[in-house]
Amino acid sequence: MSTTAAPNYELLQQEGLETSLLEISMGPHHPSTHGVFRMDVKLDGETVVELKPVFGYLHRNHEKLAENMSYLSSMPFTDRLDYFNSMTNNWAYALAAEQLVEVEVPERAEYLRVIMAELTRLVNHVTLVGFFVNDLGALGTPLMYAFREREKILDLFEQASGARMMCNYFRFGGLRNDVPEGWLDRTRELVDRFPAFLDEYEQLLSENEIILSRTQGVGNLSRELAINAGITGPMLRASGVNYDLRKVDAYGIYDRFKFRVPYTDGDTGDCYDRFMIRMLEMRESVAILKQALADIPEGDIIGKVSKVFKPKPGETYGRIEGPKGELGFYLIADGTPKPYRYRVRPPSLINLTVLREMCLGGKIADAVVILGSIDIVLGEVDR
Amino acid sequence: MSFQLIIDILIATVPLLVIFPSLFAFTTWMERKALARIQNRIGPNKIGVPCTRVSLFGLGQPAADGIKMIFKEDIVPRGADKLFHLLAPILALIPAMLILCFLPLEFPWGKFMSGKVQAFMLDSAVIFFFAITGLNTLAIFMAGWASRNKYSLLGGMRAVAQMVSYEIPLVLSAVIVVMMVGSLNAKEIADAQSGFNWFVFSPWGLAAFIVFFIAALAETNRSPFDLPEAESEIIAGYFTEYSGFKFALFFLGEYIAMFAISGLAVTLFLGAGDGPFVDAAPWMPAMWFIAKIFGLIAVMIWLRGTLPRLRVDQLMAFAWKFLLPLSIFNILLAGLSYFALDARVANTTDDVIHYVNSGNPFAGVPELGTNEALMGAMIYRGMAGEQNPMAAKKWFLKAALKGHPASRTLVAWWLGIWVLSLVALYVMAKGLNNLSRSTTKPREYLYAE
Amino acid sequence: MSILGGGIFKGMAVTLRNFVGSYFYKERLITNDYDWRPEDKLPQSIGEYPKEEGEQLRDTTTVNHYSRNFPMLLHDGGEPMDTVRCVACQICERECPPQCIYIEKSEDKTERSDNKAQFYPAKFDIDVSVCMSCQICVEVCPFDAIVMNSQFELSTPDRFGGLLVRRDDLLKSNDYYHKIHPQEAATRDQKMVADKAAKEAKKKAAAEKAKAAAEVKAKAAAEAKAKEEGE
């Protein structure tokens, strides 16, 4: 870690006064570290003068494990990376593997993939905002409202894939099974009702004076630092960069949908921007969902892939715009049924790298809020 | 004599020791249930009558919690200061219980036995109240220090800073009531408000009540000022290292303090035991008193279910840059307008008396509303029993409604002063708000197609 | 110029609405009581999304068609080991991502009631504590022998033995499968029948081909013979 910032406190410089900084190890079990994450904080009163993020408590050897099993067997493990967004994790991995064998994905499967990914984005953002306000000190009310809506979407996931969170639904070349009868109608109904929830949520949160003063001007992230640190996703857009892989890559069939990418002018890039960008993105996701649900055709659900997945030697990098940022899978195939190299680009970990820069000089309560606004899942950070 | 004394003491204190802890149990249930419903959950709904399937909306839950608390292992950290670790929860509870003695709570049996209406009559009750509330800070800091835990220490330090800061607006807003009544005696304050002359029904009283309520939230560590026990930042603050019965004592102390401070707010601003049908039964005043306390606690729960927490510097800024100037301004305003209004009432009284003296008002064509105006004047001068400016105003209002010209002028003055005071207070609050915190507002965002 | 504290009052209005609403609109109240015997419940079709506000949004105690929790071994009725579909090919054991399946192949083939001589699993253990319900074993099985059960009350006071499910406990009849996952079981049966038919057709075709080839061969041989004889 870099050098400790000099404690900017006059008393410390006075001679004859024996004072020291208060060192606190926040975590690995702490109510607001979102899992097993630790922040070694040095406090001058309530002000953070040094912060050292420590992670790795949840390391599960995901990448090395994947190099020792078949391509398909890694699919359920990708669910467990960012366990809020198993659908998008599946998609990123499937995308990478499909580039190795160049398989055609049927039309209906592409539409269902978009629907699942955008529902996942709703799940992620709605839960993030809930937890974020919980970190601000609200007694779980916004979180419970968020979970209320999340439950409805998870019900849909369960009906389609059999599991609420660990969906394991995508396959190379399509999806595992078609959605059951009536599922699309039910999803349409949910999507139609979702904006009403967003309105209520915004009424509850986005004008609240306490939330405004707690988040505005807290944890500023400049555009330059965000780009240099490789930040992606809503956090990058909150720092004023218009960069969304759905527009840049137009993977899948995203070029068919009309949607907007919200971003800021980059003046502030604080927690409030990160919070609001996500709120606005949810509305755009609803717009995509409406179009996809209107246009979805009948048809096959999986393309022609041989049962034994054995790509020719080569390498590939598949990336998607996950709810947390750019999620990428880098694969090297060597002609065997197992990948030679398997590497995940986790948005959570890379977004976490700027935590120290954002927290220094703030209060300890700000550090918690900033961590909440980064939106990390330790399953993905530690892998 | 000694027997009579003991009975008196028992009758005065036992209700406080029985009623409020059982109300505490009910309040925890109420809070859990209300928060659950606010959050669209069900809340406790299983435990009711033991050994049956009667659940009574989960009303048995506090009892189950209490039993659990008692039988839990009491863990004292190895490095802790054992004596103070033990003393802190006790010290948190005692002052809270003590404060209850000063509330003008008229239990009918108290009246019946000895004529006493409250456990402890003191001419300087309001001052005593604030003096004892200050002890609570000590207990919390003691807990934070003795636990030998960094989170506890942070929580304890936050508590001291917060409670010392918020005591000032709390006292200053109570000063307004003391100014109007001219007494520190809780019973006299309560009596002065009888007949719906509650102090909250005046602009400066309303402002003082709001300031008092906000400061009371901070004094009792309730959301959005629950920084000393901020869960997302410092685990549980000063009671991080407390478990079992000690934790329960802290909890009890906190809730009793809530009752006490709400009780004081009710005494000072909300007319104590006054309310509709108050004379219908001897237990009505006590019932109204407790109902009002519960009303305030319901608002506290509601706030807790809605608001996030302030940051520590914002908390201090709010106390010193917003509440303190506002309450000082309020005192000034209250003094001035009360003086102006009183002068006007005196003037009108003089007019009426002069008119009466100059000729017989009841002969000839009586001017409209003269009887009421005369009544008001007599009450104001103390010619009809006790001198009572408040009640006098009510008679003048009646006279004005009937069309008495002098009273009408008085009411116009009255309304003018009220509206002016309200506007002045709002402008002051708004200005202070803009000054005390950096301007924050919702923002506009860009969209890329 | 906004009202002082306006945002806070707005938020309080929302919480009040939810407080009152939770007593009148069941849709708001997402939690409901846990049914003590949920595993007896049959799967519910998705059904209509509730149109009325007062309707219950969902019944958390039912399972649905694709629900998966833990694998089971299928047999076609009767004495389980006589009709077990598993032939101990051990593909699922190899492919299982968390490696929770343990199979021991039988030494000998058995004569079963359906007159097929097959290897069978002498041991087939799955560890509940390791299994992550991913359904990969179901997908790789060439014999449709392993499918997912939706039973989820699997807790036990025994940490080791109790969580290791043995072959005989894993065996479930196809009828049971039809009961818990009717749609899935039906498609699977159809597929099996189709596969079987295709296989037989293939066999038949192969046989015919072989026959034809033999005929051609015989003909050729006869011709050759005739030629030989002619010479």
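Going in written order, the chains are labelled A, B and C, and every chain counts its residues from 1.
Throughout what follows, a contact is a pair of C-beta atoms (placed from the backbone, for glycine too) under 8 Å apart; a residue touches a chain by one contact, two chains touch by 3 or more.
Computed from a predicted structure; not experimentally measured.
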Identify the chain pair with more contacting C-beta pairs: B-C or A-C.
A-C
Chain with Cα centroid nearest the overall Cα mean is chain A
Averaging C-alpha coordinates per chain, one finds the centres of chain A and chain B separated by a number of Å equal to 46
Return the distance between the CA-based centres of chain B and chain C, expressed in whole Å.
64
Let me have the rounded angstrom distance from the C-alpha centre of chain A over to the C-alpha centre of chain C, please.
31
Multi-partner residues of chain C (each touching 2 or more other chains):
2, 8, 11, 14-15, 18, 28, 30
Name the residues of chain A that each touch 2 or more other chains.
141, 145, 148, 204, 207-212
Give me the residue numbers in chain B that touch at least two other chains, ranges are fine.
38-41, 305-307, 441
Any idea which chain A residues touch chain C in the complex?
69-70, 72-77, 79-80, 141, 145, 147-148, 151-152, 155, 158-163, 166, 168, 176-177, 180-183, 185-186, 189-190, 200, 203-205, 207-212, 307
Chain B partner, complex, touching residues on chain A are 22-24, 30-32, 43, 46, 133-141, 144-145, 148, 204, 206-214, 216-217, 242, 244, 247, 260-265, 268, 272-273, 276-277, 280, 363-366, 368
Write out the stretch or stretches of chain C touching chain A in their complex.
2, 5-8, 10-11, 13-15, 18, 28, 30, 45-49, 57-58, 64-68, 95-97, 132-136, 139-140, 148, 183
Contact set on chain C toward chain B in their complex:
2, 4, 8, 11-12, 14-16, 18-19, 21-23, 28-32
Per the touch rule, the chain B residues reaching chain C in their complex are 34, 37-42, 302-303, 305-307, 426, 429-430, 433, 441
